[in-house]
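Same chain, two partners: subunit A is paired with subunit B first, then with subunit C.
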Partner chain A sequence: MSDRVLAAPLSAFVRRRAARRAGAAGAASRPPYVLLAIVAALVVVALAGPWLAPQDPDSVDLLAALQPPSSAHLLGTDGSGRDILSRLLTGARSSLLAPLVVTVVATLLGSVLAIVGAWRGGWVDGVVARLLDVLFSFPGLLLAILAAAVFGTGLTAPVIALCISYVPYVARIVRSAAVRERALPYVSALELQGLAGFAICARHLVPNVATTIGAQAAITFGYAMVDLAAINFLGLGLESTSSDWGVMVAAGQSSILRGRPEEALFAGVAIVIAVVTVNLLAQRLERGAVLESPR
Partner chain B sequence: MSLLSLRELTITLPTPVGPRPVVRDVSFELAAHEAVALVGESGSGKSMTVRSLLRLLPQGAQVSGEIRYDGAEVMAMSGRELRALRGGRVGMVFQDPRAAVNPVRTIGDFLTERLGRGAGARARAQALLEEVGVPQAARRLRQYPHELSGGLLQRAMIASVLAAEPELILADEPTTALDVTTQAEVMALLDELRRERGLALLLITHDLELAAAVCSRTLVMYAGGLVEDCPSRRLHERPLHPYSAALGASRPDVAVRRELLPAIPGRPVSALEAPPGCAFAPRCAFAQDRCREQRPPLRPLGDDRVACVRAEELTLHG
Partner chain C sequence: MSRAGSALLGTARFLARRLPGVVLTLLISTFVIYSALDLAPGSPLRALTGGRAVTPETAQALTEQYHLDDPFLVRYVDWLGGVVTGDFGSSYVAKGQPVGSLIVDRLPTTLWLLAFSALLIVVIGVGLGTFAALRGRRTQAAVAGVTAVGMGVPSFVAASVLISYFAVQLGWFPVFGPGSGFTDRIWHLTLPAIALALASLAYVAQVSRAAVATELRRDHVTTAVARGFPRGQVVRRHVLRNAAIPIATVSGVTIAYLITGTAIVEQAFQLNGLGSLLIQSVTTSDLPTVQGVCLVVVLAFLLVNVLVDALYGLLDPRVGKR
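Up next, the complex of A and B:
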């Protein structure tokens, strides 16, 4: 009798806990709609920014300088009276495209190096590992600043420098995943079916480490965006009249002291939203990769 | 002319204390259409020997001796020749089918990997699955490895080997990962296919009865070396090497009621830690001083071969 009395609340407790755990798992497996929506919005703005902008982002109106947000200028105006919203929308392209280029190039190069090293092993892997060590020893931002100093301003030199300096970060992560995958018996089984190494890598190994590559790419995007914004902020990248978000943060500095932080603030917020969204997505991908990894 | 011939195969692996042999002076031949079993305890070098036949060895492994397949030296083959050998003339069935199949691809993808794309390959894969006794083959092609039982998956594995129409099948404990009832079915299937198609088979197993049932000849390995090579039937009745005899004696027999099964004293040693002299000497009931001095070579004795200096004087029973 007393057993049953005790058992009832206990089983209810267990059920509740199980339900909560199932709920948590359900939440984790639901696609991150909000994050995806933000990314979609960023893509749209990057592609169609100039047409979405309500006003000409470069039309100077000194009489309307440093205005707070109003119905005419939704996010206010900067020190030259240019509409901040229009500038943010047009600046999205360079602000997002440059890190995207860095991400794509670094991910491709890094993954290829990592997979070749993991597949061949032996001295090839040794050479790749040493090469990555050398690249690791250069801080990315420093290399980019150096490149800008040597080759002059503009984004090309810093983007190339960042492409190179992010390679080892991608390669290190992908290599460890590829080495683990390479050691699984099914890869030997494929070798014994007479498949060439390239075919095994392309059709089996790469798809099976794709989640890791994707997560690392998203993280790289966040870092690259911040680094490029820093380069633009320092005036080493795009010229100061550009509407790039990093440049806008720098240009808006002086007006902060005059009580109008809008330009620097909103450009900073745009950078933060992009970086945080992509990083959260990366986290979701990573967690998925951990959950999915066999045994 | 033998299909496969090994001569003084020695495989050395790098260890923290320097290179050490894991397989020592293994020589044997396998004729076309012949079925040979390779038995021995875990760590005796069976798998390593068989993997070396297709040059699937761990990084840093050094191979000396000769591995000839149909007259061609395997260790000297180019990548292209090696792939032709692996995917064409020799097939391998693995111990754990679940580990040997890419878990995120369907069975159909797995089977058509070598058959190419298209409806023809699909139909061929389905026919192969039916041939190895997989029911509802069309549905199985769309399923993932985790949806199949171990037995079915091993059948699919065998189907993938048959797809290449090989002359020789290497089977590395093909039934160890399966449960007992499916073991018999899968083994019967492998045996039947082999006989029908006239394939050669090199079967690694722990199971002496299985070896005798499927293979005409049995090779016994201990600590990286061959200790006996004789017809499977003879191994049961009158083994030549004390190790083969001890292995035979430690099997349970339903006809004899015993409190305890006889066991071989000590533990199996790998080639890494084998003592000088006969590797089995420390555990052997018949060992003499001369056994511990020099490693006895595998020598011919009648039609068979044995690596024991006292083979002539001992009369052993399986």
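Up next, the complex of A and C:
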């Protein structure tokens, strides 16, 4: 009973002090409304894209192929006369969901490894560090390509490969934040009161490094999005008829040579908007902190 | 001992300490790459032929050539022994051509592309970041904005835009092919190199800007300015020398990651380099070639990382003394 009463204000105090320090150093503390609005829009499109699409994304009309943007087709048509806007809206789901899976898995795995390593120290930390070093030496995209070579095309193998290869980037950042937190006096105070290590981590340490984890998760999402789109662009992921954004950039290559870059261009812009938004969000979350880029 | 000599010695000591780790990582990487053959669905024989139907004689010959009847570990050690002597096996799909010669044929294009991109990153990226940090607030904000967007542009999107505008609409550059001879090569590789470098260049510019800006605020810089040293001298001796340490590290690591990025750009511009060989062999299920290229890429990646560590040791005299 007593530990809870005593401990809660203590770690809350530390957090408040940290927030005040950050507030004094950083400028605007206004929430980034524009970025959040873009994220909300992306979520809506990922969930409801097929119903938002003005036309059937797969209806082929060769007579209407390669049209520039018009009132009938807001973003024009592709080489088979399919409506580009409808394809973009439908393709949002796979383009955004796959990186989300990678982000969630890599963040969970990496954070758990990092916090266990930082908490236990000693040989546990040493083993974790060695393991991560080995993973570091294998670029994520290469592991994903190797996975596609072994297990055939499709998105499952590359997604699993990226989940594994992004773990060290998350773990390294979270570990250094957790080690710093572990050394703070409030942790020793809680330990002295006899609170179990797991409880200290779950109730105090994790909440205090949550911004770091969140910022690193946002960065991870951006890189997962680029790498998975690259896998799709290379033709090693989803089928060439899919309306995934990476596939659309690849499919639009031949139209570019015929002077109609709309398909590749708009799909590319969609990817860039998503990636830049999460990158900026990460910067806002963790102002001044060094984040790891998984490439 | 001279200063340069002791710096070299420190670096050597630092590298010697890293060596066991590098060898271990390389061993594990080769293990992962080799086990791809056995992880693939079906038998290793099926993986070798990419699932193509083969006559019993061919199957027999392949089984003997790759010692497929031996246990996995024995085969792995055999293969590793071959790799160390430069023998990567041969590609069944490419009519029994040795994988080593396939790789050597493709290497020049990729090396040219990498060198060109690395040059762009170091000159423009570091230059832009440093310039922004030394100028006022407004330049800094502008560069920060541009680089934030640049970092989010994947190489294949950059490639599409560059091809569409500079090759198709303006016709300034060729669309495809690597070119031959020095100037022709540079002309052919300009767009691919920009596409490959863009995101990394923006990242390096951002890191350089932050590093120089941090150094400018240091007490010893204020002291140097207060003592009346000329600004150029303070910037060169106190700011840039210290900022060079993080900048060099980040640039090096970023350039190491370009090695895998070449696969995408070479595919987009239809260059016959190592990266497009990798993708080609993945799509034709040519596993021996995939293994060979992966191995070369991992080796190059590790090598660049070790070089960056060495550079770090030379730039920062404190390294290796602890």
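We adopt the following convention: the second predicted complex is superposed on the first by the 260 of 295 C-alpha atoms of A that agree within 3 Å, B and C clash if a C-alpha of one lies under 4 Å from a C-alpha of the other, contacts with A are read in each partner's own complex, and residues count from 1 in each chain.
The working rule: a residue touches a chain if its C-beta (ideal position, glycine included) is under 8 Å from a C-beta of that chain, and two chains touch if they have at least 3 such contacts.
It should be emphasised that the depicted structure is a prediction, and the values quoted were computed from it without experimental measurement.
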With the two structures overlaid on subunit A, would subunit B and subunit C clash, or do they fit side by side? fit
Mind working out whether A:P261 is in touch with subunit B, subunit C, both or neither, as first, second, both or neither? second
Looking at A:P31, would you say it contacts subunit B, subunit C, both, or neither? Reply first, second, both or neither. neither
Output check: A:A149 vs subunit B and subunit C. Expected answer is one of first, second, both, neither. What do you get? second
For A:N208, using the defined touch cut-off, is the partner it touches subunit B, subunit C, both, or neither? Pick first, second, both or neither. first
Per residue count on subunit A, the busier partner among subunit B and subunit C is C
Which of the two partners, first being subunit B and second being subunit C, lies in contact with A:G252: first, second, both, or neither? second
For A:S137, select first, second, both or neither according to whether it touches subunit B, subunit C, the two together, or no partner. second
In whole Å, how close do subunit B and subunit C get at the C-alpha level once superposed? 10
Residue overlap on subunit A between the subunit B interface and the subunit C interface none
Help me check something: in the complex, which residues belonging to subunit C touch subunit A? 21, 24-26, 28-29, 32-33, 36, 39-41, 47, 148-149, 151-157, 160-161, 163-164, 168-169, 175, 199-200, 203, 254, 257, 259-261, 263-264, 267-268, 278-279, 281-283, 285, 287, 290, 294, 297-298, 301-302, 305
The answer for subunit B against subunit A in the complex is residues 54, 56, 59-60, 79, 83-88, 91-92, 94, 96, 99-105, 113-114, 160, 164
As the complex stands, subunit A meets subunit C at residues 133-134, 137-139, 141-142, 145-146, 148-152, 222, 226, 229-230, 233-236, 246, 249-250, 252-253, 256-257, 259, 261, 264-265, 268-269, 271-272, 275-276, 279-280, 283, 293, 295
Contacts from subunit A onto subunit B in the complex sit at residues 121-122, 184-186, 188-196, 203-204, 207-208, 294
